[in-house]
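Next, two complexes with chain A in common: one pairs it with chain B, the other with chain C.
Then we have the complex of A and B:
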């Protein structure tokens, strides 16, 4: 709701939309000054938009998800391709913990230049935001040990020829490489949360065909039977939450006079006027996978703790919603 | 061979269970992106395309002294992006890909003759198509999606453009009686059979776009075009229905 005219001093009467366009900062401030504070979209400070997740819409991909977070819509497709062990420079041990990262078996890519918002017109090379989102998703994928390396290995056990031979050790002949293409159809703030949710939903519903090594043709063959497709066993459930901080701090005024508000799940109009952001990544009820804070000095120890607490609540909601 | 199964001549059913003149499921949504001037999402079976329109906006080209002599009308620029996950293999297309350029040029010239471009001199209308999934009839789906997006953007046109593909079953001469014309081909049929894409306004017998890239018997062509125009009429009816439904929803939202 717009600020009451009874409490504000009588001034030029603007329609609400004009006020928002001309001075977005004071527009947001006027909402947050109310008691209780409210945001222009009608949400409270800690209220996040409820995501809508649809999976399996893409026919050619092994897994896909479409996530709608308010007006932000993102499509993620998980496509598996075979990488022969003979094509890798030096095949790592099967027990190597960094197997996925060494071979680069998870390849996310965020596509923002689709006309999803006026700031991302099509035909341009990936912007800084797109590149940093790809990097953040990649770091989280590898850092959270989400995918079990055993799921992505295609092994071959040579049959015993003589009675005296010991049972041969299964040898890794090829790997599945998962290409995660994340494409934004429309963007209304908080791209990282939407992208990560789409990645999680896509990976949870990814079904890879049963692949085996054919010794005669020396190639990997996949079984076309649907019953042989198997899901990935995901070892974690990371959930992200992004907060934007709106502050009235001004270099011309006293720092002690500045007020600040932490807004959960910001949309574009709020992101444009906030100079600070906090991203918290949690896994389960007691593992913190990452806390990232960028810019500004309004958020201190207590505020970060509150953000982490809010993210715990969000983890429960999102975990229940994921397929 | 998608039709060379014993069941086709008996039951006249295609691989996906359709009869010869049945269209696939068409569905669409208008105004999917609030940030664009016009946008539409169009599905024809499993072929899914998103089209966004930006414009008319100021043209980057600056005419010199010759501009008054040359054509002052607006130009239509088309850009086609294939998502990596659109085909069976994950393949990122190079930007200067010739096939993509040809597709863009066909769409651009189709709309240059349909839109009322003289109303927007010295400006550019940019159409961006994102192919999310390819399953046959790509050019037809792109044309239909572009029509809806242009209607959503409010750019005036002579008549909406509706497009469809037709194929013929018999590839050899001495099978005239068996030759069936199939409407709305999917990707398996596109690979095996000669097919053409035809677009028109859905009224009268005018053909606006006709693209045929495979060899077909001369005598079959007229039959294919006739069935194609009938298909175009039906697709035009579907597009009209989609636009009207969207209009009703918009009015309900505004008027309440």
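Then we have the complex of A and C:
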């Protein structure tokens, strides 16, 4: 009997969510292979998530912001405390450009172990990711000269006692120390951009009370009147943008066969399958504060230049959105 | 204080919170009736990557004058699990529930640290007692579930500047724990862990009011009055059971009355909990329904598109 022609076996068909969990790499690749390339969340390659910024919701802080970048939610609070000049190791140089860094007056800390994602459960000391995020925020805070040291100095001018005395020079008696506590409520990729946006929004809306040195009690006393609170004068507006690079490069295949795509503002599912990342930090329409690229060799000079151009466009959008 | 090696620390000399020349806010007065609960805002599903999550807030009363300090409680809860225990763990016939409560450093007037102190561990233990009575553990053998609570803003402990040392301090902790119980209950149901009932937390207090008589109030805001005694219960309404009770202070002779008031406060909180759980279930059912037919390009722009993938 002739073999009857049987129908070809039906190929496996899974719902989207199952496929995304089983093989995240080929799932993303199948989306990017289409023309025009699209991402599983429906965004185009260069489309970033629109941030939603809410400020001033925390009662006990001098400045606070809640930023939602897609499903990533982060809270940043700026609290000021007083550091007496007598408690510093040596009297600082008045012309010291690194005054803030020498004294350590800006203290950012990124806290990821809040249960924001299944990979970040509490009970452990800060992971490598949290420590490196705190350090990156700190470097950007000091390196961009964001905060004016004059805003954080509390000076005292001794009154003239005799007529012959020279006019006394204002002496710095204490400093404001700003604690920037960044807590992640929910993490869906790109923690650095979200954290920095929250820091910028919190600093822009920080109001510090008016502090003065009381010579009798030899302590700093603040004025409780709300109209005496003053904002910080920020000297820069750094904006960051992170890009993940998805590449099909394989050591077993020819390098020329590999394709790569640069994804702006990656979420967790994309970050998990991309090994390479580019971070660009800009200030204004023409100042590049930093470019960081690590993880692979799919991205070259031209791609980094395109990323910087995209970030300039993003700077305009974010600058308009910040309070 | 020992420098935390893994975090960026304060300047070496140590800092102190700002001292004000005089009180900058007038003390708030309780404007609600004695048996009225503050308006609760409860929403689930705020952390999509967790199995279940909820956010609880007691928004400040918009009618308070602007210079009065407004109290507002903000708590987030995420539930991860149930997930299997590691292979080398001992067999446990019930679900292993772990609770973790942490105040954010900016949650209270004086800044807290990042490492959990004993009061936070104590709150976690009370919360676990409250939840253990309501979760059906034997349906999840050799599994663990984590309930993680972050208190973004806590309650004040007493009226500003008052001596709270006589009657004991920490009245704010009871209100925070009541909120934690309610939000954990919503998050556990959002995670799909079986429960016998919804547990809600309620607090009642014996306070000295303006005429220095002692009255019972529900849902006390400790900043509004001088508290003499307070009681917290975690209450299951449909079974009329209490899973956790915590009493502080000197209740005098009427201990049963105070507990009854706390139960009444928990019942008021339960109505909001039921609404939130209903919304959460409706959202999940809607997400499970089949996707709509493909529509025009303009309408489907930005939505996840289906691609053909073969196994």
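The criterion applied here is as follows: the second predicted complex is superposed on the first by the 312 of 323 C-alpha atoms of A that agree within 3 Å, B and C clash if a C-alpha of one lies under 4 Å from a C-alpha of the other, contacts with A are read in each partner's own complex, and residues count from 1 in each chain.
Here is the rule we go by: a contact is a pair of C-beta atoms (placed from the backbone, for glycine too) under 8 Å apart; a residue touches a chain by one contact, two chains touch by 3 or more.
Predicted model, so just to flag it, every value in this text is computed and none were measured.
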item: Partners on chain A (chain B, chain C) - clash or fit; value: clash
item: Contacts of A:294 with chain B and chain C, given as first, second, both or neither; value: neither
item: Partner chain(s) touched by A:161 [first = chain B, second = chain C, both, neither]; value: neither
item: Which superposed partner A:169 touches (first chain B, second chain C, both, neither); value: neither
item: Which superposed partner A:186 touches (first chain B, second chain C, both, neither); value: both
item: Touching partner for A:64 - first (chain B), second (chain C), both, neither; value: both
item: Touching partner for A:252 - first (chain B), second (chain C), both, neither; value: neither
item: Contacts of A:122 with chain B and chain C, given as first, second, both or neither; value: both
item: Contacts of A:34 with chain B and chain C, given as first, second, both or neither; value: second
item: Greater chain A contact set [chain C / chain B]; value: C
item: Shared chain A contacts, counted only where both chain B and chain C touch the same residue; value: 58-61, 64, 71, 73, 75, 77, 79, 81, 109, 111, 114-118, 121-123, 179, 181, 183, 185-188
item: In the complex with chain A, residue positions of chain C that touch it; value: 6-24, 46-50, 53, 60, 67, 69-72, 74, 76, 78, 80, 100, 102, 104-109, 111, 114, 146, 148, 150, 152-153, 301-311
item: Chain B to chain A touching residues, read off their complex; value: 32-36, 39, 46, 50, 52, 54, 79, 81, 83-88, 90, 128, 130, 132-135
item: Chain C contact footprint on chain A (complex, rising order); value: 11-14, 16, 19, 26-27, 30-31, 34, 38, 40-43, 57-61, 64, 71, 73, 75, 77, 79-84, 87-89, 103-105, 107-109, 111, 114-118, 121-123, 125-126, 131, 134-135, 138, 177, 179, 181, 183, 185-188, 209, 211, 219-226, 268
item: Residue ranges of chain A in contact with chain B within the complex; value: 58-61, 64, 71, 73, 75, 77, 79, 81, 109, 111, 114-118, 121-123, 179, 181, 183, 185-188
